[in-house]
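Each of the next two complexes has chain A plus one more chain, namely chain B in the first and chain C in the second.
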Partner chain A sequence: MSSKRISNYFFILPAVLIFSTFYIYPFFKTFQLSLHSWDGIQPTMQFVGLANFKDLFLDDKAWWSSMLNAGYITLWALTFQNIIALILALACDKALRIGSIYRVIFFIPPVLSEIVVGLVWKWIYNGDYGILNHWLVSLGLGSLASDWLAQPSTALTAIAIVHSWKGFGWAFIILLAGLQTIPTQLYEAAYVDGANAWRRFVNVTIPMMVPVFIMVMILTILGTMQGFALILAMTGGGPAGHTEVPVIRILNSMKNSQFGYACAQALIFGMILVTISFIQIRVSKFLKQE
Partner chain B sequence: MGFKKRGAAICLVVLLSFVLIGNWGCSFNKIADSDSVVIWHWMTDREDAFNTLAAKYEELTNTKIKFELFTPSDVYSQKIIASAQGKTLPDVFGILGKKRDAASFVKAGHVLDLTSYMNEDNDKWRSMIFDKALSLGEFKPGNVFGVSAGVYAVPIDLMNVQMVYNKSLLKKAGLDPNRPPQSWNQFIEYLKKLRANDIGGFASGWAETWLIDSFALNYAFNIMGEDKVMATIKGDASYNDADWIKVFKLFEEIRDVDGLVSGVVTMDNKYAEQLFSNEKAAFAYNGSWCVNVYKGMNPDLDYCAMMLPAVTRKNPMVIWGSAGAAFYVNKNSPKAEKAVEFLKWLTEEDQQVFLIEETVNLPSNKKSLTKIPKVLSQFADDLNSITHPNIWPYEESPRVTETFDKGIQSIIIGEKTAEEVAAEVARVKEKILAK
Partner chain C sequence: MEKIKRILSEISIHFLPIIVAVSCIFPLLWMLSSALKTQQTVFKDMSLMPKVAHWENFIIAWGKGGFSMYFLNSVLYTVLVVVGIVLISSLAAFAFSRLDFPFKDFIFYVFLAAMMIPLPGSFVPLYVLLVKLGLANTRVGYCFSMINVGLSLSIYLLKTFFDKLPRDLEDAARIDGCGRIGIWWHVAFPLARPAIGVVTIYNTLNVWNEYILALIILQSKNLMPLQRGLMVFQGAHITEYPLLMAGITITIIPILIVYLFLQKFIIKGLTAGAVVG
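== the complex of A and B ==
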């Protein structure tokens, strides 16, 4: 091997070391741990094969409920959050004079701490002293007042709304950036051809924005499915597990000194997210070809 | 690029890598190299008091003690586990968890057996400390965890969880403020009366499931006795039994009289403490640390502590209690002897009195008990009724406990009946036993 090649390898050595230490090794260690029963403290681990996975798939109903809960919040984020983000991005893209102020305002919720946001909204939703109930009563809608976070019928939706409120700023920025890359000539040509605003939106904006939509969707799904701090602050996963999400389940397994099981949960969860992202990328490529 | 420049660049890269790795290694050895006896703890409220005592001890013995605070307790707990894995535990540390966690630390060789120190000079050290407090860090011969019998932890203070009631609110509802409910039925009647007067009933941070767990298990001990509770945990009796259904029914009763403050199942204990101290709830289920908390939140609060009102006189009522803070000595520390000496000093009467004055917690030293504030003494009155999973011979599976606690939350929100929850917990228990 020439000295040049050796020196090249030396240059990439730090990157390889860091990548191997912080990404590759933890991944293989997680897989190794998932095949063991280990309390995280004792030097020896008991090999249990695929028992943790079997337990997870066949016996842990709470895990799959938490997946459904995360899926429900994600559905809200994909629709409610992203539609609002798109509407606001379209509005700001129309060269409003105070567009830049809106950009800053809309980006405030995403930069706030999830714990702080969770605690503030917990007060807003409070059944006894919350502002939401206070407003409802003031508007003569007192019959709608509820203990929003303590009722299983409303707790998850209440969290999904806060998550969407907190997250729409990210989608807004990305969508706005996407909208600004669409050449104005396309809109002018469509206008000359007699297309009204709706037709221009359907035939120009949407097709040009497909890659951006896909990216926003992937980021929304990954971000929402992995979210947990907001939920910890608002309900801690309650009432009776109705707002638990997978990361909270993994955290609980670790707190219960079930490190092997927690690793199995983390692996399965990671694989589900990778699969979803992979499908979305394939769909994106297919739509591009179309 | 010339050969010399390339060579220099390679040397730089290699040097940087060594520096990185070197620093990493150094940080791991930092604790072992320190002159001081290093103690890692999680108690924000006791930080100043600990530092004052450390300074005093250094003055007396010339031994440096360094308390290092890591919060919140969850993070502390994970840090201790990670340090155990990396063999970088400090000289003294706490284990926040269940008995099995402490057992794992002992079995992994991280914890010094303190039995011989406790027994020196005719049990001088042992006799200073409350037996119940000591038993929490003690493993009996033939314990289920397979740990060699001995005392492994030094309790610095104690805590127990009881009921507190607001005297002014009872009076407002037309109830005798000097006569709290003496039985469960009377408690339910009190709650009805309070609610009829639009006064908040009972508050507790039941989003923190251990509080539900302790409340329910206290009543399980009362209704069926300790033997049957243990038999259930061991697997010899079922959660579907009529006595367990009775325990679950208590939560139906309290729900049906609207006795719980709104949102109790998603309420953390801090919020429940605020409600009680702001006189929004007449009763609360809280630990002895609440005396300090309420004092900070509302110094004029007129309240008392009481035993949980019993359902039956057939079996004694018990309360959950444990060492509020217990320290373990690192077996592999070169300063283990110094650490033990400091812990002995810390549990002596004078230091314990100082800790009571500063932190308003129950002392672990028997002699210091005479110098505690009034409400705290009401908590102390029932120290003989303390129980805790950490001193039970058997341990329940976390999944059963989770189903149990969530089931009770489901009862409170009206989602499930007592019978349904009992059946569900029994089903999970059977599955665990089958494994």
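== the complex of A and C ==
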């Protein structure tokens, strides 16, 4: 019998082998490398203790401004993107028959890759030949036309808007699914009690949707903070680092043969993300108990 | 009066959704329109419908632009990785759901934890590992890395599905003398078709749209998939917009076709992935 139990391992063996080689080993390697200075080529690496972390916290302004850039895009995603997604979900929840057509269309951007979306929008934003500036000129607003992705003042916002364009379909689908689980009896009861549409929204919809809101927020924050391919396709991090985000900094450290430093950046960034999602989960548990 | 009010409220409900829907589709139409213009007209002709549609741009992009190679690479990687994930994860999920062995729960929780903990810079040590194994810049290295990416979530989705399946059929198969492997392949695997569909679709989109590992692992042009090829093409031919847009169109056509036919499953699969992961 026990030999049969052991032979059951055969079923998970391929998964465990691949997972330990390509996930667990790199996971622990990150900790080891972060304590070393290494160019990625030489056979030996130099132990430097916490020096990489010291540099990161004290001397690396570009790193922290990349964190702020990602935070800025995340704020757009949390407000602009998710509020539009919520309004659309409310509208489609009411008009369910036509709602399914909208659903198909709204989910097209999330199905496309970040590279594709970035390159198409880069062309739309193009300063000399882009359709956006062409429209502005034909509307008589030519003074507003700009080289959107080359100007430090507009590049990051331009990216944040495209990010929201690509991402709102997710939030829309999850919010709509949440709205449809609210029992109609609750609305009917509120209606009988004389609550108008606004009161029904505030007293029925919002409280029932709190867990969904929190889930959408967690997904938005984690997804947006780690996004970067869209930016690589649109600006490559430019102009002059104004649209760099943490993952692009990590990639650049790697390109500059600073493998130890890249791992220190990755670790700190990972810890920040874990902390954020931990706080949000605690908050949602707390709200559920209320 | 009542009727007018109703029509007005209908319009107000549909106002924003229609605007947003147009904004979702317009960039794709503009992409197609630019792909059909020439190198000269693309900078001057701002109409959505070019007077002469230059469909030959697609042939040039496919041939001289190298997109046929990128396309075949993408197809190859997608098929290999998805088949690998489906087989490996359904074997493991079957074991986690039905069989008994020491440390079963612990091993399963390790897979779960990997799904929960974000590891944004894991490509750095992964690259170091692949160089050591001699797998950097190889198809094998890329495929194994991508199988690993999809493994945890797929095991989780299939295991929860197996847990809900009744065991009667498996018991019947066992009485008929079917071994564990036979039960997995002849009974559990076919019964899990809905969940395997979700896993297949989720991972297909994931591999087709993947960029970062292709960037880190693959340096030779003849190994690159589409997303990587697009970036290389736009770096080398920075102003050749018609060909670039034709290349992008080639990249998204298979995805759009699959999406329009299977959109219910795709939406289900992708949201399942997001909610768990």
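We adopt the following convention: the second predicted complex is superposed on the first by the 264 of 290 C-alpha atoms of A that agree within 3 Å, B and C clash if a C-alpha of one lies under 4 Å from a C-alpha of the other, contacts with A are read in each partner's own complex, and residues count from 1 in each chain.
Heads up, the rule we're going with is that a contact is a pair of C-beta atoms (placed from the backbone, for glycine too) under 8 Å apart; a residue touches a chain by one contact, two chains touch by 3 or more.
Just so it is clear, the model here is predicted, and its values are computed rather than measured.
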Side-by-side fit of chain B and chain C on chain A, or clash: clash
Which superposed partner A:G40 touches (first chain B, second chain C, both, neither): both
First (chain B), second (chain C), both or neither touched by A:W121: second
Which of chain B and chain C A:A150 touches, first, second, both or neither: first
Touching partner for A:F80 - first (chain B), second (chain C), both, neither: neither
Greater chain A contact set [chain C / chain B]: C
Which of chain B and chain C A:F11 touches, first, second, both or neither: both
Chain B versus chain C as contact partner of A:Y23, first or second or both or neither: second
First, second, both or neither for A:A91, with chain B first and chain C second: second
Overlapping segment of chain B (options 21-29, 57-65, 75-83 or 363-371) - the one that collides with chain C in the superposed model: 75-83
Contacts on chain A seen with chain B and repeated with chain C across the two complexes: 11, 14, 40, 128, 254
Touching residues (chain side chain B, partner chain A) in the complex: 6, 9-10, 13-14, 16-17, 20, 74, 77-78, 81, 84-85, 97-98, 100-101, 104-105, 107-108, 110, 207-208, 261-266, 268, 280, 398, 402, 406-407, 409-410, 412-413, 415, 431
Residues of chain C touching chain A in the complex: 13-14, 16-17, 20-21, 23-25, 27-28, 30-31, 34, 42-43, 46, 87-89, 91-92, 94-96, 99-102, 107, 110-111, 114, 117-122, 124-129, 131, 144-145, 147-148, 151-152, 155, 180, 184, 205, 208-212, 215-216, 227, 230-231, 234, 241, 244-245, 248, 251-252, 255-256, 259-260, 263, 266-267, 270-271, 274-275
In the complex with chain B, residue positions of chain A that touch it: 7, 10-11, 13-14, 17, 39-43, 59, 62, 126-128, 147, 149-152, 155, 234-236, 238-241, 252, 254-258
Residues of chain A that touch chain C when the two form their complex: 5-6, 8-9, 11-12, 14-16, 18-19, 21-27, 29-30, 33, 40, 84, 87-88, 91-92, 94-95, 98, 102-117, 119-121, 123-124, 128-129, 131, 134, 165, 168-170, 173-174, 177, 215, 219, 222-223, 226, 228-229, 232-233, 246-247, 250-251, 254, 259, 262-263, 265-267, 269-270, 273-274, 277
